[in-house]
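Got some structures for you, see below.
Both of the next two complexes hold chain A, though its partner changes from chain B to chain C.
On to the complex of A and B.
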């Protein structure tokens, strides 16, 4: 029953998506008949959201009770799994994760249709039609090529999904977080297309779009932060970013969304950058879909290769061609008819935002090129791997000017400003940056990028707080706090990255139990190495006592695990976190003479990378709350004003009461 | 209309064409063993179950080409593979099993349930032979010719449509 209900809900939702498209398109005609049909678009989106969420809820339920008559449950779950991992198993596979994607997509569409009242009806109809069109494609994908509710002819006796590698809380949370981000960008895409089709690219439209972009961006930030930390502690290589195609495909939408976030603010505040905002709206969602395509189709080799299937790849490529190709075609034809909006001088806040928008787009182009380059060369049978030697310097060329402008931009005034007005701030930022560069350069021989990164991080950290100067702290709007937190978070994160790259100390030694190694002010003693066994792995576990500066020793236990189904060796690193960094230990192979390979890093301030990510997200959340609150207040004021006017009108029409005695 | 607005579309079409081409002509290969076309290493494994002898290199030398099937009773694709091994046995192919990290009672239980296509099963408790012949997991099946050389590797479970192909390869290496 469960599976059939779920499937029925999906088919009904599909039908409603068709109704939503038809109704939205009719609404564009602008005559009485069209308007009469357009009223169905909003309810269709709302009910559709309910049905898609219901379908996902039913699949969740099937996993919770381990309904082994459903193929997806039988192949991906097991009755002995802990409940938490039964539930997270729902989206730990291709079909379930696509259903989650569709459910979030429909939910966002429903929220947009149900709550948004500010947009002109023409833009709203076009937006709902586009949103319905996007949803329809994914329903078709789900129902035609990846039905999550497929039954087995004979129910399985037991499920086959007891892979302990996938039973990791980080792995369970990180993908859905990214999904919410990707899908949130679909709403931005629909809004951008709606405004473009209706030719109503206005500040009001930007104000409607902004919370959606912020929302998606917060989730993308959290997803990338979590994913980076997971890779750092789980893969045991001591690195936190590998420029892997899958990592890049989550970074690219984030870069586009960050650019979009800033350009949409310019549009909302100043009515400038109209076409550019629309272009970024299309680009951000294109990058999400491109990421999905690269991950699912297997055209690129990646350490993450998950759910790879060329047939699904063709389907996603088709959807990509339809949506992105279609959107870009409409953009090509229509964009000329939208004027660029208000002009501004180069030294203004808009000017700074435009500059950084271009820098972000350039970084995006570099990441995109590096990610797709192997695809291009493999078409000519040449295999290449593009890695940090390309991405780091090429990205830095644009990131460094971006950070400099980012420090000064928020201090500038809108429309036109004189840099001379900011003499104090600019000299302070420059003095901090230059003194740190010289200080670090005197202290030791570090890479130029790391030194610049440190200097920029500290200068940016100070600059991020400067907009508060001379203001009454309690009267700073929440959205401004959001910006301050987010920019400060970037500085914190950058500081972590630069410090990790400049000051990491590494020790690789062959040791016997009982011997002691020194790394910085850490004392590392290998106590013992013992074999241990898990459900489908065996491991050697080292017991290592580490103490800092003669303090109390702590026991850490890194492992080298061997899984045998499939045969795979993994390294379970052990971490000791201190406020100023992390000790990272990995145990390697045993040499012929019985000594063990021990690899230990001291990574100063490495945790700042992820604290920064969290601060950036917090900034986004503050900004959403601030914007929505202002919006609700305004809506309230508009309503009250309207009531007052109506009351007045009613009063003046009513017969005058007799003056009281 | 301004030509500049067509640039994104042109770039996208280029990418879509390239991606489509790579999807059609792409490579979806697995990593083959480097031991293919090399002699089977010397080994001698004890019996994995009561009633069937163990296996050694000598069992493969002479006579007809044989199949070496790397499997385990705890491996689920191996259950799916069992009918195909049975079919190969009925075609007169000798299948010698290597049970990876297994227990005799589990092996016996598996054979009772899903049939026994094997003439011998060697117990490889520490995955030694598995690693030496370059098998990355279970199940994998190797075609060994009468001189004791590894001639073909089949990664993953044998599906119904793989059976004629394997029979053909066994014929070719004779």
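On to the complex of A and C.
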């Protein structure tokens, strides 16, 4: 019953998406009949959101009770799994994660329809039609090629289980946050298309779009940060970013959304960069869909496997072509009718933002190239590897100028400024950067990128705080605080990355209980190795006493786990966090001579990478709150003004002239 | 029939599991004594692909094959070979795919040409957007 109900909800939601499109399109006609039919678009979107979320809730329920008559549950869950992982396992597979994707899509469409009252009705109708059109494609994908509610003819006796690497709290946080970000960008896409169709690309439109972009961007940032930390502690080798195609497909929408965020701010504040903003809105969601295609089509495991069973992949590819192609076509037709907006000089805040948007787009292009190129050559039976040695330097070509401009940009005035006015700030930033480069270069032999990273991080960290100089701290607007936090977060994160890559110390050894290893100023003693058992795994657990600089030892317990459903080994690393870094310990196999493999790393300031990510998200949140508060205040003031005028009109009892507004 | 299949499966999997339980080569999980040599080895290993994994370098992986390759690299470094010689040897054995360090070749040139092209595009866009503005602003 559960599964059938879920399926019915999905079909109903699909029908409502069709209604939403039809009603939205009718609203564009601009006559009385069209207006009469346009009223259905909003409720259709809202009810659709309820239905899609209901379908997801039902699947969640099926996983919670391990309903083995549903194929998806039988192939991905196991009755012995802890409850948390039963629930999170709902989206640890293709169909479930696509349902989550679609539920978030419908939910953001519903929120937009339910909450947004500021847009002109024409733009709103066009936006809702586009949103419905996007949703329709993905409903079709779900229902026609990846039905999550498919029943088994005979219920399975036991489930196959979930990949043990996914049996972690990380799965509870990372995919949902990332999906909210990914799919939140669909609203930005629909709004951009709506404004383009209605030819109303104005600062007011940008003010409506900005919170949505910020919202999606905050979640993308959090999702990437959480995913990176998860990979770091779960994979057992201390790597936190692998330039893996799956990671890249989350980074690409982030880069596009970051550019969009800045562009939409310029449009809102200065009425400039109109076509840029629209273009980036299209690009950001296109990258989300491309990422979904890469991850969900199976093309990454092997291009040839994809070619053999291309049903799902070609479906998403078709959607991708339809939406991106359609958006670009509308853009091509309409771009001429939107003027570029207000002008500005190169040395202005807009100029700096344009420069960095170009740099972000270039980095995006590099990541895209490096991700797709191996797939392309593999199709012609040539296998090439593109990895960190390519991405790091190629990305840095654009990232380094970007960080420099990012340090100075927020200090510039809008429209036009003289760099000479910022003599003190610029020389301070340059002096800091240069002295750190020379200091680190004297201290040791490190890679150029790491040294530059350290210098830029510290310079940028100082520069991020400079907009506060000479201002009354208490009167700085919340949105400005948001920018300061986010930019400072970038500096913190960059510092962590550079420090990890330059200063990490590693110790791999075969050890017997009682023996001691030295790593930097850490003293590491293996006390014992004991077998233990968990709910669906057995493990060996090492008891390791670590002490720093002769201090009090603490016991850490890394494990090597063996799961039985499905059978797979994982290593559970043990972490000791200090303010200036993290000690990372892993226990490996036992060798024939009875010694245990021990791997230990000291990673100075590695935690800053993720603290930085959190600060960036916090900046985004502050900015949303700031913007919404200003907006509510303005709405309140407008309402009060109106009331006062009405009161006056009622009092004087005489015909009033139309207010000038 | 099913029993036959099971036996066949057992025959196929037995040698595989035997391989998995073989003790790893000495330098798979042990560093070289000399820190300078070890640093050299680590730098090389971080740019070699673990052929059995997804997007991991050999010094990021628990796969037995990655362990064997780490052993090979460390042994060769210890024998005084230069990292680039070892890379060439591995590429000879496993193909270009094993190396993350991209080299310009007939199959990889777009990887290098496109970024150069990108720099040109970026400069062009910036000059057009910002350069023109300045002239107009001055005029």
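Here, the second predicted complex is superposed on the first by the 582 of 661 C-alpha atoms of A that agree within 3 Å, B and C clash if a C-alpha of one lies under 4 Å from a C-alpha of the other, contacts with A are read in each partner's own complex, and residues count from 1 in each chain.
Note that a residue touches a chain if its C-beta (ideal position, glycine included) is under 8 Å from a C-beta of that chain, and two chains touch if they have at least 3 such contacts.
These numbers were taken from a predicted model, which means no experiment stands behind them.
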In the superposition, chain B vs chain C on chain A residues touched: C
Touched partner set for A:592, first chain B, second chain C, both or neither: second
Chain B versus chain C as contact partner of A:333, first or second or both or neither: first
Touching partner for A:510 - first (chain B), second (chain C), both, neither: second
Touching partner for A:324 - first (chain B), second (chain C), both, neither: first
Residue numbers on chain C that touch chain A, as the complex places them: 23-24, 29-31, 42, 46-47, 49, 54-57, 59-62, 95-102, 107-108, 110-111, 114-115, 118-119, 121-122, 125-126, 129-131, 133-134, 136-137
Chain B - residues contacting chain A, complex: 1-2, 5-6, 8-9, 12-13, 15-16, 18-23, 25-28, 72, 74-76, 100-101, 127, 130-131, 135-138
Interface residues, chain A side, partner chain B - complex: 160, 275, 279, 282-283, 286, 293, 297-299, 308, 310, 313-314, 317, 320-321, 324-325, 328-329, 331-333, 335-336, 372, 375-376, 378-379, 564-567
Chain A to chain C touching residues, read off their complex: 235-237, 239, 242-246, 300-301, 343-346, 351, 354-355, 358-359, 362, 365-366, 369-370, 373, 377, 382-390, 394, 397-398, 416, 506-510, 569, 571, 588-589, 591-592, 597, 599
